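Take a look at these structures.
Okay, so chain A shows up in both of these, paired with chain B first and chain C after.
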Partner chain A sequence: MTLIHEPDLGTPAVANDHDVTLTIDGRAVTVPEGTSVLRAARGAGIDIPKLCASDNLAAYGSCRLCLVEVEGAKGTPASCTTPCADGMVVRTDTDTVHALRHGVMELYLSDHPQDCAGCARGNCEIQALAVQTGAAEVRYGRGGASHLDDTADTSNPYFTYDPKACIVCNRCVRACGEVQGTFALTVQGRGFDSRITAGGTDFLSSECVSCGACVQACPTDALTEKSVIQLGMPSRTVVTTCAYCGVGCSFKAEVQGSGDDTRVVRMVPWKDGGANEGHSCVKGRFAYGYASHRDRQLSPMARDSIDDEWQVVTWEEAITRVAEGFLALREKHGVGSIGGISSSRCTNEEVYVVQKMVRAAFGNNNIDTCARVCHSPTGYGLNHAFGTSAGTQDFASVEQADVMLVIGANPTDAHPVFASRMKKRLRAGAKAIVADPRRIDLVRSPHVEAALHLPVRPGTNVAFVNAMCHVIVTEGLWDEPFVRERCEDADAYLAFIAGPEHSPEATQDVTGIPASDLRAAARLFAAGPNSAIYYGLGVTEHSQGSTMVMGMANLAMLTGNLGREGVGVNPLRGQNNVQGSCDMGSFPHELPGYRHVSRPEVREIYESLWGVTLQAEPGLRIPNMFDSAIGGSFRGLYVQGEDIAQSDPNTSHVEAALRAMDLVVVHDLFLNETARFAHVFLPGASFLEKDGTFTNAERRINRVRPVMPSRVGKDEWQVVCEIATAMGYPMSYAEASHIMDEIAATTPTFAGVSFARLDAEGSMQWPVTQAAPHGTPTMHVGSFVRGLGQLTETVYVPTTERANRRFPLVLTTGRILSQYNVGAQTRRTPNSTWHPEDVLEIHPSDAELRGVTSGDVVELSSRVGTTRLTALVSDRMPAGVVYTTFHHPVTGANVVTTENSDWATNCPEYKVTAVQVEVVTQAARANAGAGADVPADAVAGRP
Partner chain B sequence: MAGTVPTTESARATTTRELATAGRAQRGPLLPILHAVMAEHGWVSDEDIAVIADVLNLSRADVHGVVSFYHDFRRTPPPAHRVQVCRGEACQAVGAQALYAAAQARFPAGGDVEVGEVFCLGNCALGPSAVLDGTLVGRLTLERLDTAAAGWTA
Partner chain C sequence: MSTAEPAVVRMGHDLVRHLEHLPGDQAAMEIATHIKKFWEPRMRHELLARIRWGDTTLHPLLVAAAGDLVDGEVDRGEIKEPSGG
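The block that comes next holds the complex of A and B.
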C-alpha cells in the first residue's frame, strides 16, 4: 500500500435539505444550499487551488488563490467564501483567473525558501501550487526583505515551527481554535512583521497542548513533525486505531520500510475516523515511541522464585512452564485454584481467547478484567436500567446537545479529542453543568464557561443526583408521557424521590452544593430540550458507583432524554477497549455479550462449540483472587496487559497476594511492577503489531491493523492458544479474523461483525444485527433493550471512608493530558516533558494550616499506607479535598487507597480516601514572600 | 499545557485585574481595557496579558495577538521621553526622512529618549511634524528638538 492522501474539499460540509444547482466550467453541479463554490468544484473534481482553506475549518478568504469568475458578479470572488446559488455560472479556468493566481503565487514564493530539496516534506502545498499556477520564477528577485533568516522554534518535543517557510495563512491559528479549542496560537504584529506565535512565547511554555492540529493544518513546511525532519517522509499508510483512551481515534500510521524493518514516521488522525473525524491529542498523535522503547522486553523469561534473576527462555519452554505449572496447581489445589485477568488494552480477539482459555482450558470462571477497577458499575447500572451495558449515544450526538451534565470526568485531560467536540458545541451556545470537586478546565477555559459548577464532595454523588431528580419531580419538570409510556416502577420511584430528605436544602451540607445552584442545575437540565449526561470514573469508582449510574439513568428517564440524538447517558471509558473487554465475556459471571453463566441456553452455545462443560457458578473477581491467594486457595494467575501491583488499590495487600501465589504469569510489553512478583514473563505485542478490533466508548468497533509484524515473534492471542493447547485443550485460529467470526457466531449483538464488514464500513457500532446491519449509533429508540426502562430507588448510603480528626482531608485522583494511567507507555515518551512527576494539589487554606507551599515534599497518609509527593497549592481544589494523578510508580497513589469498593461490582473506591498531609521537606524558599516572582504564565485561574 | 495555579498575585496584577473587571461588561472589552492598562502602567506586561485573558476568558495568545497588532500598546516600560516623527508623504516632502535619521542619531536606542515614527498626524501644512512627549510640534528641526531635549535633561 502507498501513502494515502485524503482529499480536502476546502470548506466544511453543509447540512441542508435544500439543494442548489450551478454550472462550474460548463458542468452542472448540485450541492446542498450554503455549500461554497470551492467545495462544490472540488467535490466535482475541479481542482481550484487554495492555501488558507481546509474542510475542517470555516472559510477564511485570505490566500486569494481560489479566485474564480462568476457570471454577472463584479470582480473575481474567492470561491471559499462564495456560497453556491441556483443558476450561478462559475469559471475557474480563465486567463484572468490564471494571471491573478500566478501573481499571487509569485508573491508567496518571493518570501518562501526555494530549496524544496532541503524541505523535510519535500512536497508541500506551496510547491504543488507553484507548479499548478506556473509561478516557479519570481519577477521580484530574491534580494528584498524576507523572513528567510528567521530562526525555528524547536521547543516542542514533537514538532518544529520554522517561520522561514510560513506564509501566515492562519490555518494553524484557526485549527487551534476551531478544531482543538485551545486558542494557543495567534498572529503577532501586522503587515510584513506578521508571524505566527504561540502567544509570544515558545511553543513548549505556551498554552499549546500539542494536539498536532496545527501541524496537520500547515500547508507548508513551517510546522513539521520532528520525526519527519529526522527520518524523511513516510512511504505507506496503514489505517489503524489508537491504543490510548476510550475515545478510540482512527489514525493513519505513516511508515517507511516493510516487514521487520518497518519504522513509524508519524501518526496522523484519519478524517474518516468515526470517533475523531481527523482530530487527535498529544498521546495518540505523538506518544507512540514506547512501542520501540529500549525497555521493551522482547523475549520470554522465567525463574523458579521471584528472588531469582530472570532467565531468557524459548517460547516453547515458557509456554510449557506456564501450562505445566497451571496443570500442577489445578491437580494439587483444585480446579478453582488458578485464573486469569484480561486487559482493556488488548483487542477484542485477544480478550475473547483469554476468557476462552480460562473457561475451557483452566475449567473455571476465574476470569476478570481490569475494567473491574474502572467501569464495572457502568456495565451493571446501565444494564439494570436499560438492558445494555453500554453508553446510549455516539460521540457526534453531542453536536445536538443543548445541555451537558459532566460529572466525575475531566474530558480535556482524559478524553481530549471528545472534549474538543464538547467545547465546540459549548462555544456554539450549549450549556454545561460541571459536577466535580475540582475546578476542571470545562468549568472555565478560554472561550468556554460552564453555566454552573457544582463542587460535589467526593463520595456524595448519589445524594447529588437524587437532589436533581427531586427538584425535577417536585417542581413538575419531569417528562410524564415518557415516564408513563417507557419506564416501570414509576410510582414507587416518584414517591421515593419526592421525599423531603432528597431536597437540595436537605442535602446541601452533605454534597457541598448550595441548594440554589442545585435547583438552577436541575431546571436547566430539565429545560433541555436535549440534555446529555457525560461521566467518567468520578462516578464509578465509589462504594455507590453502581447506584450512581442508576441514579443518572433515572435522571435521563425522568426528563425523557433517551432514544434520540443529543441526549443519553454516556460513559467516557478510560482505556481503549474497556467496552470491548467487557463485551467479550471477561467478567467471572458473564459469557460474551453480558449473558450470565447461570443461563443454560447460553452455556450450551459455547459448550457445543468448545466441546467442554462450563461451570454455571461465577468465578472469582480480582479482589476475591487476592483474598483467596492470601488465604491459600488461589495459587496461579495469568495477567495480560495490566499492572495490578501499581493500578489496583491498597498496594501492600496486592503485593502480599502476589507473593503468596505459586505461579504468576505476566504477559506485557514491559517488565512492570507486577512482573517483580512473576515467575514467567511473556512478551506482548504493541498495538502497532496487532491485528484485531477495539471497541470504544460509543460501542464503535474499530479495526486495529498491523503496521509491522509482532516484534516478539508471536501474536498475543496465539500465545494464549498455545498455553491452552499445552494444557490439553487444543485451541487454534489461522488468523485473528477467525476469532471475530467465532464471536459473531456466538454473540447476538455482534452477529453482523466481521473484519471484512468492518473494512468495508470503516467502523460499526454494536449491536450489529439483521435489524441494524450497519450498527446502532443511538440506542433505545422507541423502547429500551430490556423493554421498559427501570426506575430505581437510589438510596444514598455514605461511604464508610470519611474524614476524621486523624485523616481530615479527602484524597481524590484523576488524569492529566500528557500522561496515561500508570504511565507505562507515556512515561517512555517525551510526554514526560510536560508532566515529569505527579503532584498533590491542595487548597490554599488547607496548605496554610499545614505550612505547605508549592514545591514542598509532603507525606500523604491514609489508614492503609503512606506515600510522598510534591505539593501544589491550587485554588482549583475545594477546601478539604486534595487531588493527585497516578501516572508515576514512585507516587504510589494506590499505597494509600483503601479496599472499599462498589457494593455491586467491587469496583474500588479510588476516588475517596481520608488522608492527612504533612510537610517533609520544604522547597527552596529563596524567593519567599516575593509575590511578584509568580511566573507570568501562571497567574491564578490560568492553568 | 496545563501549568501551575499559584494563589498569590502581585500588586500590579491586582490593579490590572481591577481595571479588566471594571471594563469587562462593555461590548468589545479588550481594547478599552488595554487602554486603561496603558494609562495606569504605561505598558502591557506578560502578567497583565495573563490577567486580562483570565478576566475575559480568552487565551493569552488571543490577548497577545491584539496587543502586538497596535504599536501604541507597548510591551516594554516607556522611556523617559518620546519623540514620534511623522513619516507621512507630506512631511517626507519637506525633509522628515532626514530629520528622522538625525533624531535617531541624536538619541540612540536604549537611552532615555525613544525616537519612533508615526504616519500622518494631520498636521501636513506645517511639516515636518512630530509629537514630543504627547505634544504636537510643527515645523520641527533638529535644533528645535535639541532645545526641547535640553529642557528634558536639565
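The block that comes next holds the complex of A and C.
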C-alpha cells in the first residue's frame, strides 16, 4: 500500500436536510445548506488553494488564498467563509483571483526559508502552493525584515516548533482549542511581530498536552515530528488501531521500508476512525517506541527455578516445556490445578484462542482476564439491569447530550480523545456534573466549568446515586411513562428509594456532598432533556462496584435516558480491548457472548465444534487462583499480557501465590514484574505486529493490521495453538481471520462480523446481526435486550475498609495522561519526561498536620503493606483523601492496597484503602526553592 | 501478607452484607444462587466443609444459604439466567 493522503475539504461538514444547488466553474454542485463554497468546490474535485483552512476546524478566513469570484457579489470573498446559496455562480479560476493568490503567496514566500527542509522533504504545503499559484519568484526580494533567524523550540520530546517556517495561519492555535480543547497555544504580538507561542514559555513547560493536533494541523514545516526530521517522510500507510485506552483510536501508521526493515515514521490519527475522527493523544500518536525498545524480549526463555538465571531456548523447546509442565500438573494435582489469564491488551482473536485452550486443552474453566480488576462490575451490573454487558451508546452520542454526569472517571487523563469530544460539547453549552473526590480537570479548565462538582467520598457512591434517585422520585421528576412501559419491579423500587434514609440531607454526612448541591444535581440531571452518565473505575473498583452500576442504571431508567442518542450509561473502559476480552468468553463462568457455562445448549455449540466435553461448573477467578495457589490446589498458570505482580492488589499476597506455583508461564513483550516468578517466558508481539481486532468502549470492533512482521517469529494466537496442540488437543488456524470466522459462527452478537466486512465498513459496533447488519450504535431502542429494564433496590453498604486512628486517611489510585497502567509501554518512551515517578497527592491540611511539604519522601502504609513516594501537596485533593498512580514498579502502589473486593465480581477495591502518611526524608526542603506548595498540574497533570 | 479470614469466608460474608436486606428466604436463596453461578466447586466444597466442621465465625445467613448447596456435581438447570461479570 502506498501513502494515504486523506482529502481535506477545507471546512467541516454541515448537517442539514435542506440542500442548495450552485454552479462552480460551470458545474452544478448540490450540497447541504450552510456548506462553504470551499468545501463544495473541493468536494466536486475543484482544487481551490488554501493554507489556514482545514475540515476539522471552523472557517477562519485568514490566509486569503481561497479567494473566489461570485457572480453579482462585490470583491473576491474567501470561499472558506462564504456559504453556498441556491443559484450562486462561483468562479475559482479567473485572472483576478489568480493575481490575488499570486500576490498573497509572494508575501508568504518573502518570509519563508528558501532552504525549507519541510519543502524539500514534502512535509510543507508552501512549495506546492507556490507552484500552484505560480509564485516562484518574490518581487520584494528577501533582504527585508523576516523571521528567518528565529530559534527553534525543541523542548518537546516528540516534535519541534521552528518559527522560521511558521506563517501564523493559526491552524495550530485553533486545533489546540477546537479539537483538543486545551487552549495552550496562542498568537503573541501583532502584525509582523505575530508569533505562535505556548503561553509565553517553551512547549515542554507549557500547558500543552502533546496530543499532536497542532503538528497535524500545521501546513508548513514549523511544527514537525522529530521522527520525520530524523527519518524523513514515510512511504506507505497501514491503517490500524491504537493499543492504549478503551477509546480505540484508529491511526494511519506511516512507515518506511517493508518486511523486517519496516520503520514507523509517525502515527497519524485516521479521519475516518469512528472512535476518534482524526484526533489522538500523546500516547497513541507518539508513545509507540516501546515496540522497538531494547528491553523487548525476542526469544523464548526458560529456567527450572525462579532463582535460576534465564536460559534462551527454541520455540519448540519452550512450547514442549509448557505443555509437558501443564500436563504433569494436571496428572498429579487434578484437572483444576492449572489455568490461564488472558489480556485486555490482546486482540479478540488472541483472547478467544486462550479461553479455548483453557477450556478444551486444559479441560477446565479456570480462565479469567484482567478485566476482573477493572470493569467486571460493569458487565455484572449492566447485564443485570439491561441484559447486555456493555455500554449503551457510541461516542458520538455525547454531541447530543445536554447534561453529563461524570463519575469516577478522569477522561482528560485516562480517555483524552473522548474527553476532547466532551469538552467540545460542554463549550457548546451542555452542563457537566462531576462527582469525584478530586477536583479533576473537567471541574474547571479553559472554557469548561462544571455546573456542579460533587466531591463524593471514596466508598460512598451508592449512597450518592440513591440520593440522586430519591430527589428525582420524591420531587416528581421521574419519567413515569418510561418506567411504567419499559421497567419491572417499579413499585417496589419507588417505595424503596423514597425512604427518608436516602435523602440528600440524610446522606450528606456520609457522602460529603452538601444536600443543596445534590438536589441541584438531581434536578439538573432530570431536566435534561438528554442526560448521559459517563463513568470509570472510580465506580467499579469498590466493594459495591456492581451495586453502583445498577444504581446508575436505575438513575438512567428513572429519567427515561436510554434508547436514543445523547443519553445512556457509558462505561469508559480502561484498556484497548477490555470490552472484547469480556465478549470473548474470558470469564470463568461464561462462554463467548456472556453465556453461562451451565447452559447445555451453549456448551453444545462448542462441544460439537471443538470435539470435547466442556465443564459445566464455573472456574476460578484471578483472586481465587491466588488463594488456591497458596492453599496448594492451584499449581500452574499461563499469563498473557498482564503484569499481575504489579497491577493486582496486595502485592505480597500475589507474590506469595506466584511463588507457590510449580509452573508460571508469562507471554509478554517484556520481562515484567510477574516474570520474576515465571519458569517459562514466551515473547509476545506488539500491536504493530498483530493481525486481528480490538473492541472499544462503545462496542466498536476495529481492525488491527500488521504494520510489520512479528519480531519474535510467531503470532501470539499461533503460540497458544501450539501449546494446546502439544498438550494433545490439536488447534490451528491458517490466519487470524479464520478465528474471527469461528467467533462469528458461534456467537450471536458477532454473527455478521468478519475481517472482510470490517475492511469494507471501516468498523462495526456489536451486535452485528441479520437485523442490524451494519452494527448497533445505540442499544435498547424501544425495549431492553432483557425485555423490561430491571430496577434494583440498591442498598448502600459501607465498605469494611475504613479510616481509623492508625490509618486515618483514605488512599485512592488512578492514572495520569502520559503514563498507562503499569507503565510497561509508556515508561519505555519519552513520556516519562512528564511523569518519571508516581507521586502522592495530599491535601494541604493533611500535609501540614504531618509536616509534609511537596518533594518530601513519605512512607505510605496500610494494614497490608508499606511503600515510599514523593509527596505533592495539592488543593485539588479533599482533606482526608490521598491519591497516587501505579505506573512505576519501584513505587509499588499496590503493596498497600487490600484484598477487599466487589461483593459480586471480586473486582478489587483499589479506590478505598485506609492509610497513614509519614515523612521519611525532607531532602527536598533543604533544596533552594523547594518546600513550597506547587500546583498539582505542575508535576502530575501534564501532559 | 494477607488477612487471617479465609477467602471463602470473606467472600461469603460480603454476599451476606449486600443481600441480607432481601425479605424472607430470598436472601439465602440469592446468596446460594450467586455461589452456584460464580464459585468454583472447590470453593463451595471449602465452605460446606467449614460448616461441617462447625466453624462458628460463619454468619447464620451464609450457613442457611449453604443448605441449598450441594458438595460436588449439581443440577445446573436450577440456575436462573446468569449475569455477566
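Just so it is clear, the second predicted complex is superposed on the first by the 916 of 943 C-alpha atoms of A that agree within 3 Å, B and C clash if a C-alpha of one lies under 4 Å from a C-alpha of the other, contacts with A are read in each partner's own complex, and residues count from 1 in each chain.
The criterion applied here is as follows: a residue touches a chain if its C-beta (ideal position, glycine included) is under 8 Å from a C-beta of that chain, and two chains touch if they have at least 3 such contacts.
Note that the structure is a prediction, hence the values are computed from the model and not measured.
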Is A:797 in contact with chain B, with chain C, with both, or with neither (first, second, both, neither)?
second
Using the touch definition from the top, say if A:624 reaches chain B (first), chain C (second), both or neither.
second
Which partner does A:906 reach: the first (chain B), the second (chain C), both, or neither?
second
Just to be sure I read the superposition right, which of the two partners does A:616 touch: chain B = first, chain C = second, or both, or neither?
second
Classify the contacts of A:274 with the two partner chains as first (chain B alone), second (chain C alone), both, or neither.
neither
Considering only touches as defined above, state whether A:873 meets chain B (first), chain C (second), both or neither.
first
Looking at the overlay, does A:775 come into contact with chain B only (first), chain C only (second), both, or neither?
neither
Using the superposition on chain A described above, determine whether A:543 touches chain B (first), chain C (second), both, or neither.
second
Show me the residue ranges of chain C that touch chain A in the complex, using the header's touch definition.
1-3, 7, 10-11, 14-15, 17-18, 21, 34, 37-43, 74, 76-77, 79, 81-85
Chain C partner, complex, touching residues on chain A are 336, 365-366, 376-384, 389, 543-544, 546-547, 582, 587-590, 594, 596, 598-600, 616-621, 623-624, 627-628, 630, 633, 650, 652-653, 656, 793, 795, 797, 863-865, 898-899, 901, 903-906
Residue ranges of chain A in contact with chain B within the complex
182-190, 197-200, 206-210, 282, 413, 441, 444-449, 816-818, 834, 841, 844, 854, 872-876, 931-932, 934-943
Of all residues in chain B, those that touch chain A in their complex
1-13, 45-47, 49-51, 53-54, 57-62, 64-65, 68-69
